[in-house]
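Both of the next two complexes hold chain A, though its partner changes from chain B to chain C.
Our next item is the complex of A and B:
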C-alpha cells in the first residue's frame, strides 16, 4: 500500500508542474483582464522550440530560455489583437491554439520520436538527503527536476507580486476597473501587454517542462489538452495563485488515479450485501475515461458557486475579464 | 522622425469592405501559408493547384468536398446563430459529439425503415446537442456566466463520454477497436440518385435557408439581431434577452448535433473514438467568414471543405503534413479579426511633423498613437 501511495504521490507531483506553470501564466493574464485561450498552442510551441534548441545546441537551459521567449512572442500576437485592435479575446485565443497546433505538427514532423537527455531529477543540495527520506511524499517532492522546484517556488512569488507590490496591484486594478486605473495614472495598455506576454512566457515554460523534463521527447500534440485544463484551473482557483497550487494537485491526483485505477480495487466482494447493486456504479465512477471528466465538472461547479454567491466579490472573476478597453470615450 | 496614427471610428462600413474582407483575408492567409510551404521545400503554387484546382475539377474531389461540407455547414450555423446575439458557442464540438452518440445509438437500437429511422436519428441528435448546451445556455441567461468558458468545459466532458461509450457500452461486440457496430443501411444517409451527392447536403441547404428566413425575415430574428447590437437597449425596449439567449444557444446546439449525426450517418457509418477532425472548432472561422448571412456561412463551409479535402490530397501527393490545414485556418482567423479593426476604424498615418495640428487634436491623438 505504501508503495502504491508513493507511486500515486509521485505521479501527482509529476502531472502537476505543467498545470502550475501554465495556470499561473493564465492567471496573470486574466487578472489584467485578458482571457487567453491560446495556452494549449503556446505550450506546444514552447515544447517544440525548446526541444529543437536542445537537440541542436545540446543545452537544455538554452532550450528552456528559447521556449520562454517563444511563448512570450506568440502571446504578443494575442496582446496586439486583443488590446490594440480590440478583437474578440476568445476568437484570438482559439486562433493561437490552432496556429500553435498546426505549426508544431507541421514543422516538428522530423523531430518526432527523437529523445534527448533533458533536465535530470535532482535532490535539493544539503537538506535533500534528509527530505527525500520522508515516507510517501519525500521522493515525490524532493527528487525532482529544476522545473518542478521552479513551479513550486513561483506560486509564492506570483502571490507576493500580485498582492504585495505596486506593479502587481496596478495589474489587478487594470483587470477589475480599467477606467479607474487609467484615471489613477496606470497605463492600461502597457500593463495588459506586460501581463499577456508574461503569461505566455509561463505557458512556454510549461511546454518546455513537458518536452525537456517530463517526457524528454517531442511528439505532435503532446500537451494533450493540458492547456485547456490550465484555463479551467484558473476558474477552479477563483483567480488566486495559492489555489492554483491546490487545484493543480487535485487535477494531477485525478490524472494519477486514472493510471492507478486498475490497481485500486474498490469493488465490493461478491458476498457483500448490495454488491451487485453498487459494483456497476463503482465500475462506472472509477472508469478512467469517466474519471477524466471530474476536473471539468468540478471546475464548472466552482464557477457556478462562485458566481451565484457573488456577494463574496473578492473571490469572483476580474470584473473586466474578456472586456476590451479603449480610451476613445474620454 | 515622428509617426502619427490617428484613428477615427467609422460611421458605416464601406460596401467594398463588407464583401472584400472575406476574399482578402483568405488570400492573405494563403500567401502567408506559402511561406511555410517554401520552408519545407514545397512549391506553394503546385500545392495550391492540388488543393484548389484538382479538388474542384475532379468528380471524386467534388463529391468528397460536398460530403465534407455537410457537417461543416451545420457546425457553422451552430456558431453563426448565437453569434447574431453576440454569444460565442465555442463548444460546438461537444454538442456535435453528443449528437453523434445519441444519433448512432438510435440508429443501432431502433429498427424502423429508413423513412422513419433517419428522421428519428436526426431529431435525437438535435435534441442531444440542444440539451448538451442547455446548462451553459441557462447559466448565461440566468446568471450571466460566460458561455465561452462553460461551453468549452462541456466539450471536454462530451469528448470523454464519447470515448467512454465507444470503449464500453456501445463498442461493437468482439471489436478490438474503440468503435461501434456499423449502422444498418436504413440508418445511413443515401446519395442523391444519379448524382452521387449525399442527401445530407440537401438537408443542410434547407436549414441554411430556414436560418436565413429566421434571422432576416421574422420578428424573432429582428430581436436576435437587436440584442446582438445592443443588449441594454433591447432590454429597455421590452425584449427578454434571457429567452433569446436560451433560444439561439439551444438551436445552435441542435445544429451542432445535426453536424455530428450527418457525419456519422453520411460518411463514417459507425461511431469511432477518433472520428471528428475538429469540425466544431473549424465552425468558428466559418461563422466569422460568414457572419454577414446564413448563405455566406454555406459558402465559407464549402471553402473549408475544399481546403480539408485538398489538404489531405496534398498530404498524400506531396508529403506535406495535413496540419497545413490548421495553419491556414488559424491565419484566416488572424487576418479576419485584424480586418474587423479596419472595418471599425479608419486609420490615418502621417509620417514626419504635421503642419501645425491643433494642440487639442494632437493631445487627443497622442495616447492612441502609443497602442
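Our next item is the complex of A and C:
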C-alpha cells in the first residue's frame, strides 16, 4: 500500500509540473484581461525548439532559454492581434494552437526518435537526503528536475507579484477595469503586452519541461491536450495562483489514478449483496476513458459551485477578460 | 451498347464535361449534379470520360510501360513508427524496380484523403496505397468510380473488385518477443502500455503474454491503457507505475520511444513495435516486433505490372516475412536469442501456433482480426469496454 501511495504521489507531482507552468502563464495573461487559447500550440513550439536546441548545442539550459523565448515570441503574435488590432481573442488563440501543432509536426519530423540527455533529477543540496527520506512524498517532491522545483517556486513568486507589487496590482487592475486603470495612469497596452508575452514564456517553459526534463524526446503532438487542461485549470483555480498549485495536483492526481487504478480490482466480489447492482457502476466510473474526463468534470463542478454561491467578485473571473480595450479619444 | 447508353446518362456526362471545360474558362458552375462523379472543377472533363461505369476504353495508362504508385500516410513520416515502416518499404521498392515510379503524401487526414486520391488518379496513378484505418471508407466509396485504378487499403476489412486489403500478423512477432520476455524476466511480471482497447491491440497483448507463458508458465502481466496513440508523458507514467509494481519487462503500443526510454531508465527490458527503437532502449533494449512492408508491396506491385493482380485480403505473417523481430539488444543472452529462433522456425513451419492452449485455439481469422476482446490467462484484470 505504501508503495502504491508513493508511486501515486510521485506520478501526481510529475504530472503537475507542466500544468503549474502552463497554468500560471495562462493566469497571468487572463489576469490582464487577455484569454490565450494558444497554450497547447505554444507548449508544442516550446517543446520542439527546446529539444532541437539541445540536440544541436548539447546544452539543455540553452534549450530551456530558447523555448522560453520562442513561447514569448509566439504569444507576441497573439498580443499584437488581440491588443493592438482588437481581434477576437478566442479565434486568435485557437489559430495559434493550430499553427503551433502544424508547424511543430512539420519541422519536428526528423527529430522524432532522437534522444538527448536533458535535465537530470537532483536533490536539494545539504538537506536533500533528509527530505527525500520523508515517507511517501519525499522522493516525489525532493528528487526532481530543476524545472519541477522552479514550477513550485514560481507559485509564491507569482502570488507575491500579483498581490504585493505595484506592477502586479497594475496588471490585475488592467484585467478588471482597463478604463479606470488608464485614467489612473497605467499603460493598458503595455501591461497587456507584457502579461501575454510572459504568459507565453511560461507555456514555452512548460513545453520544454516535457521534452527536456520529463520525457527527453520529441514526438509530434506530445502535449496531448495538456494545454487545454491548463486553460481549464485557471478556471478551476478561479484565477488565483495558489489554487493553480492545488488544482494542478488534483488534476495530476486524476491523471495518475487513471494509470495506477488499472492495477486494482475495486469491483465487489460475486457474493456481496448488491454486487450486480454496483459493479457496472464501478466498472464505468473506473473505465480509463471515463477517468480521463475527470479534470474537466471537476472544472465544471467548480464553475457550478462558484455561480451558485455567487462568491465575492474578487475571487472570480477578471471583469474585463476577453474584452478588447481602445481609448475613445484615439 | 451504342444507342441505349447514348441517351440520358451520356448526355448528362457530356453536359458535365462541357460544364467542366467551361469551368476552366472561369465560370466554375454546378457540374456536381451529374450522378456519380462529383469532382467538379478543372479535371472533370478528363475524369468523367475515363470513369464512366462500363466504358471499355481500357487502353489508358499502363500496358507494359511500368507502374505508378501513390502512398498516402495519415501522419508525417518521422524517424520511427507506423508511417516510417511504410515509407522505408516505399523507398525499397522504388529502388528495386526500375519500371516503378512512386509518390507519397503525408499528414493526410481521412477527411481530405478523397481529394488527394482524386488528384493522384487524375495524374494517372495505377495503384493507391492507403495506410490507415480511417481511409477505408473513402477508398471504398471511390473504388467503383475508378475501375482502372487499383486501391489497396492497410488494416481495414473491406474489399472490392479493384480494392484489396492488407495487413500483417504482427502478433506472431509479438509472440516471439514474449518468448524472449518470458526467459528474461526475473520477477515474472510483465508490463504492457497500450493505447485503445480494440481487438488489434488486445490480440498483440495476448500474443506477447502467451509467448512468455509458453516458456515460463509463472509469468503474469499487467496492462495500462493510456487512451491516446501519442502521449509520451502518459506513457512514461504508465511505465513507472508498471515497474514500481515489479514488472521488469515492458512492451508498448504507442508510436513514441517514450516507453522504451523510460523502461530502460527503470532498468526494465524494453520491447516495442513497428520499427526498431534500439537507440532509445540502450543496454535494456529487448527487441521490436517489426513490419517489413516491402514483402507485401514488392509482389503486389509486380502483380500489377504483370497484369495478374486481383483483389484479396492479405493477412500474412512470419512465413511471408512481412512481419519479423528486430535484432536483439546488446545484453540479451545468446541462449535467449537461439530459443526465440527455434520458436520462430516452429511457427513458420506450422508446427506451432500462437493461440494453441488458449481459449482462441482454432478461431477463424475473422474472429482473430476483428473480434478478440478478452485476455488470455495470465493477464490481470479485464479488457475495458471501448
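The working rule: the second predicted complex is superposed on the first by the 323 of 330 C-alpha atoms of A that agree within 3 Å, B and C clash if a C-alpha of one lies under 4 Å from a C-alpha of the other, contacts with A are read in each partner's own complex, and residues count from 1 in each chain.
Just so it is clear, a residue touches a chain if its C-beta (ideal position, glycine included) is under 8 Å from a C-beta of that chain, and two chains touch if they have at least 3 such contacts.
In this text the structure is predicted, and so the values were computed from the model without any measurement.
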| said: Taking chain A as the common reference, can chain B and chain C both be placed on it without clashing, or not? Answer clash or fit. | reply: clash
| First, second, both or neither for A:150, with chain B first and chain C second | neither
| field | First, second, both or neither for A:210, with chain B first and chain C second | value | second
| query | Just chain B (first), just chain C (second), both, or neither: which does A:232 touch? | reply | first
| Is A:69 in contact with chain B, with chain C, with both, or with neither (first, second, both, neither)? | neither
| message | For A:289, using the defined touch cut-off, is the partner it touches chain B, chain C, both, or neither? Pick first, second, both or neither. | response | both
| query | Regarding the shared-chain residue A:106, is it in contact with chain B (first), chain C (second), both, or neither? | reply | both
| message | Taking the superposition on A as described, I'd like to know which of chain B and chain C A:7 touches: first, second, both or neither. | response | second
| said: Looking at A:219, would you say it contacts chain B, chain C, both, or neither? Reply first, second, both or neither. | reply: second
| task | Look at A:255 in the shared chain and tell me whether it touches chain B only, chain C only, both, or neither; answer first, second, both or neither. | result | second
| task | Once the structures are lined up on chain A, find the stretch of chain B hitting chain C; candidates are 4-12, 166-174 or 292-300. | result | 166-174
| Of the residues on chain A, which ones does chain B touch that chain C also touches? | 105-106, 109, 220, 287, 289, 292
| For chain C, which residues are in contact with chain A within the complex? | 75-81, 107, 222-228, 230-234, 236-238, 240-241, 244-245, 255-258, 261, 277, 279-280, 380-381, 384-386
| Partner chain C, residues of chain A touching it in the complex | 3, 6-7, 10-11, 14-15, 18, 105-106, 108-115, 210, 214-217, 219-222, 224, 226, 255-256, 259-260, 262-263, 265, 283, 287-289, 292
| field | In the complex, chain A residues that touch chain B | value | 35, 37, 77, 81, 83-88, 90-92, 94-96, 98-99, 101-103, 105-107, 109, 189, 220, 225, 228, 231-232, 235, 287, 289-290, 292-293, 296-297, 299-300, 303-304, 307-308, 321-322, 327-328
| Residues of chain B touching chain A in their complex? | 7, 9, 36, 39-40, 88, 90, 139, 143-146, 148-150, 152-154, 156-157, 160-161, 163-164, 167-168, 281, 284, 288, 321, 323-331, 333-334, 337-338, 340-341, 344, 367-368, 370-371
